[in-house]
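Could you have a look at this structure, given as structure tokens, before my questions?
Order of writing sets the chain letters: A, B, C and D. Residues in each chain are counted from 1.
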Amino acid sequence: MKLYEYMAKEIFKKHGIPVPEGYTVEKPEDIRPFEGEVVLKSQVLVGGRGKAGGIKFASGLEEARKIAEQLLGMDIKGYRVRKLLIEPKINIQKEYYMSFIVDRSSREAMLIASAEGGVEIESVPDEKLFRRTINPLIGIQPNVIRALSYKLGLTKEQAKGMVRIVNGLWEVFTQEDADLAEINPLVLTPDGFVAADAKLIINDDSLFRHKDLEIVEEEYTPLEREAREKGIAFVQLDGNIGVIANGAGLTMATLDVLSLYEGKAGTFLDLGGTDNPEKVKEAFGIIREAPIDVVFLNIFGGITKCDTVATGVVEAMKDRPMNMPIVARIKGVNEEEGKEILRSEGIHAFSTLDEAAREAVKLAGGE
Amino acid sequence: MKLYEYMAKEIFKKHGIPVPEGYTVEKPEDIRPFEGEVVLKSQVLVGGRGKAGGIKFASGLEEARKIAEQLLGMDIKGYRVRKLLIEPKINIQKEYYMSFIVDRSSREAMLIASAEGGVEIESVPDEKLFRRTINPLIGIQPNVIRALSYKLGLTKEQAKGMVRIVNGLWEVFTQEDADLAEINPLVLTPDGFVAADAKLIINDDSLFRHKDLEIVEEEYTPLEREAREKGIAFVQLDGNIGVIANGAGLTMATLDVLSLYEGKAGTFLDLGGTDNPEKVKEAFGIIREAPIDVVFLNIFGGITKCDTVATGVVEAMKDRPMNMPIVARIKGVNEEEGKEILRSEGIHAFSTLDEAAREAVKLAGGE
Amino acid sequence: MAVLVDEKTRVLVQGITGHQGRYHTRAMKEFGTNVVAGVTPGKAGELVEDVPVFNTVRDAVNETGASASIIFVPAPFAMDAVLESIDAGIKLIVTITEHVPVHDAMKMVSYAKMKGTRIIGPNCPGLASPGKAKVGILPNTVFTEGNVGVVSRSGTLTYEIVNSLTEAGIGQSTTVGIGGDPVIGTNFIEMLELFENDPDTEKIVMVGEIGGTAEEEAADYIKEHITKPVYAYIAGRTAPPGKRMGHAGAIVTRGRGTAESKIRALESAGVKVAKIPTEIAELIAKDL
Amino acid sequence: MAVLVDEKTRVLVQGITGHQGRYHTRAMKEFGTNVVAGVTPGKAGELVEDVPVFNTVRDAVNETGASASIIFVPAPFAMDAVLESIDAGIKLIVTITEHVPVHDAMKMVSYAKMKGTRIIGPNCPGLASPGKAKVGILPNTVFTEGNVGVVSRSGTLTYEIVNSLTEAGIGQSTTVGIGGDPVIGTNFIEMLELFENDPDTEKIVMVGEIGGTAEEEAADYIKEHITKPVYAYIAGRTAPPGKRMGHAGAIVTRGRGTAESKIRALESAGVKVAKIPTEIAELIAKDL
């Protein structure tokens, strides 16, 4: 779960990382009088806000409120700006980059830092990056912070200040169960290091132990959110074939096969290991809301039984008929029974993914 | 460093382990009025206080002060009682034992617990002990506390209460750098578990990071304390041969060889790897205060050079002559030079430990 | 022979009294697996499918000599269950549980390494050596004995592929679902090494998907160390970037983890990559 | 051959710019050791005894290919130095530093195990393979080449014993001081195993002392696994209980760790136990 910048900064602060003293507003008139300059930062869950015009500076209250007027409600890459973070402008001497991520290869955490901050880290050449895997059981050790400080060319004084930043960000990363904890840019000011921006993605599977966190749902479409609430793995795509399959790998493979025949999936819906008819009904409830022209059901019955899935489909249809064709591919345990059940509802079920995919694409008008 | 019970209990409390609400007194009149019964516990760094009469109960203020009068100043196994811990008497339903120690074999921590508390843990048969090594990097996990609760035959409610005790004691053990953290007895009261006694030994080598701890010196003799302050490894023994050697193993071996010839060492003084004449002088300064009849110097010169040690000895003698014979055994680098230097002071130096030990024992009157 | 599990494996089921635990205890027994014990705290003394239940893993190991464990414990308690088994001396732990927090996964994988224990998963279907034993939730019906080793990040897709192998008369030595999470106990490389050293495995099938660089690293490893022919399928060619495709690990982020990159790497390591899942059986059949 | 270190070992000195670091860098070089690098943070670019100094272990490893490290870093920073070397891929770390907090020792030993690194020490004199290399502070003068492997918990006592071997014409393959602390990276059993497998070692000398049960465990191991003759000396027969005899680990507590118990265990495992240190050379000479 991605957090908004202002939420991430609150958490960073709690773990001892200096952040600018800011506050959020949802209305221009809530901006308080200030001296000097402020920055108005659109709170959206997408990168590249700055380039998209979502970050502005203002020198007086009136100017700030005028800018806020423009920013609030603005659309940035499909995300509506509902909140602004107002912060005093900071005195930037130099910008750095720092993050902790989960490193799949080493199966440990990874600390990444660079003396080139404020830019996309992917654009920084490898030799300018400090990268170090951090074992979760031993944690951050002084030698790592030392090595980082040498690599970043810090003075002794700066290196001392860096200790607090690295340890704080490690605390954020581990105690908040983050997939990613990022400061970009990490700004050197006359008063030391400050996290000018903050990005924090909480590991979804750990949310049960972070009940205090406000749930951020904006990264999902309304339909995705509904599926999420029902515990269904669902992704909305931009084609017109509504794919339901069982198992994430098989569902992905179904998308791929459709594409081989020039078809385009409009949904990724993974039924998972279930053959509970209620779940199947729920799945159809989600998918019928998506802007698709054909439903493509692909079931491999292993533990899941084909006939019980088919029963679920039939029940879903009885509840509320689908006003579009359904193409099914059914294979595995109780395959024949499943096909028979579907046939009774006029759904033709194929045995091979290939055949079924061609049929679905044809019906979707792709062939 | 062994802590007094009252100090250990303060630390236990800080880590969430319930302890009786007590206070210490050094004078009987400092005992405050109370209701019910109190226990007066002599604060000494030695086990078996109870049997030695160092723990008493009292029902009224007058009785308590009378008992305090008796206890304060009392000698328990060579330790003078200077402080009493005054606590309300607790309602004991059952006594348990629990401790964490450093386990040398596994090179991990070890949790030991038993449903037989209040007795010496050595006397509890193995099959009644719960023993589990705890890796320092992973720490205490719920499954260990579960297993412990089954072994101790706790009810579900009691097992819940045990979580806090085990986690608290683990925190004490790790965060306070303990060699031993022990609760014996751990008492089950109508209000849950309470640490009725508390034993805590802080790892000496970690004291540098526990500057807040009050230093407890009573476990040493005055001479041992003096050596400790000078950074000399020194143990006072009950024989009359004052042994100085270099290296702990060699010093122990010297004691053993003396004993083979019926001699008895009065000191264990390990010069360590040094041949700094100042250190040698300091060592002689310590040893001359011990009640011994002969000094036995055993040096193997490896990195340490025999001649520089000998120079140190001669300088120490010049500073202040020893009024007892010195037997030396010198071997290794610059052996001949070392012997020559000692000879100039009238000290005969042998090459073999065997010969030198016999001579020392003879001079000590043991042969 | 087979890898990791065979007829001598003595299996312990952690979370045996739950719905999944019960169901798959029976299924594993039907497969021929020697399921010797179950663990559910507080349920000692019960029997599930004739398998005795214990309160702790240590009790179960002491009483039954269990040597491998399968975890059906809910995600919040899965790490503790795994650590309990590691400390009780279990050397193979198959973690079926999905939604294990990734920081828990990192910790348990590190701890297992320290203690010399192999973890499969989490979020995996486990493994099966047909004719010998199954420690997992894979369907009993799709397998047949043979000498193709299958390793996969997915579940149902694997069953589909194995089923198509079986239908084509191509048997399997061992099939391992290593799990769809970003952090898993045993990865492609480690399984490839096991298959390479297994005399009963002649060919290897690798089923990958988008996310991470495990397939690319496996490709490098294959180039250097694998002499047996490898066939692969990679799912997620058409998955949009930034979207998590069901599996926690199946996501293309910041341009990394695309199917194209994986397919390219595997092909350059001499691996035959199928375009649709069932094509794997055809590719192998052609080579026979 | 010898165990752990030989002429191919490329040694890194952590804390090389301190007094001890400098002194022993020279002594190791004089012994013939290939000292390739030193590390002291902030001192990169300096030379100590012609050895280049780096800020970090990783820099040193990258530039010089160091394969073993010796630690002279003060106790409060010793764990960090050891962890730095482990993470930089060093596979043998000799920790000379004494007074390392015991909780630090437990952590670094666990971490080393996870990462497949061997630690010798802490609070140890290191090790020497005469004619090949020394990674330690043992005196150069006492050794001679031969085929007795020596393993000891002590320092000077070891030099004394090795010297008496040398004087009796009995050479050594490798001498290892494993350290006098309660928690050490490599124990008697692990060294015995190495010596048993070393074709250049024909006899083994074990120097123990009071405290703990390492010698008793070694005796059990010898009974089961060691075919080469073992000779032992145990120091501390006359040490009073409850008193720490110089070494942090040399203490008899609660009736455990006595010299008698150790001697009895070793003798019952067929080990010849000497009464005084120099008797070991005599016992070996008799068997020649």
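In the analysis below, a residue touches a chain if its C-beta (ideal position, glycine included) is under 8 Å from a C-beta of that chain, and two chains touch if they have at least 3 such contacts.
Just so you know, these numbers come straight off a predicted model, no measurement behind them.
Using the mean of the Cα atoms as each chain's centre, the chain most removed from subunit A is B.
Annotation: 52 Å between the Cα-based centres of subunit B and subunit C.
Subunit A and subunit C have Cα centroids lying 27 Å from one another. Remark: subunit C and subunit D have CA centroids separated by 42 Å (rounded to whole angstrom). Residue positions of subunit D with contacts to 2 or more other chains are 107, 110-111, 114. Chain contacts: subunit B has residues 135, 137-138 touching two or more partner chains.
Under the stated contact rule, the graph of chain-to-chain touches is complete, every pair of chains being in contact.
Residues of subunit A that touch subunit C in their complex: 102, 104-105, 107-109, 122, 135-137, 174, 177, 179, 203-206, 208-209, 233, 235, 237-238, 245-253, 255-260, 265, 268, 270, 273, 300-304, 331-333, 352-354. Within the complex formed with subunit C, the subunit B residues making contact are 132-133, 135, 137-138, 141-144, 146-147, 150.
If you check the complex, the residues on subunit C that touch subunit A are 27, 75-76, 99-107, 109-111, 114, 137-139, 141-142, 152-160, 163, 180, 182-184, 207, 209-210, 212-214, 217, 233, 235-240, 243-250, 254-255, 259, 275-278. Touching subunit D in their complex are the following residues of subunit C: 110, 113-114.
Within the complex formed with subunit B, the residues of subunit C that make contact are 41, 55-58, 77, 80-81, 83-84, 87, 107, 110-111, 114.
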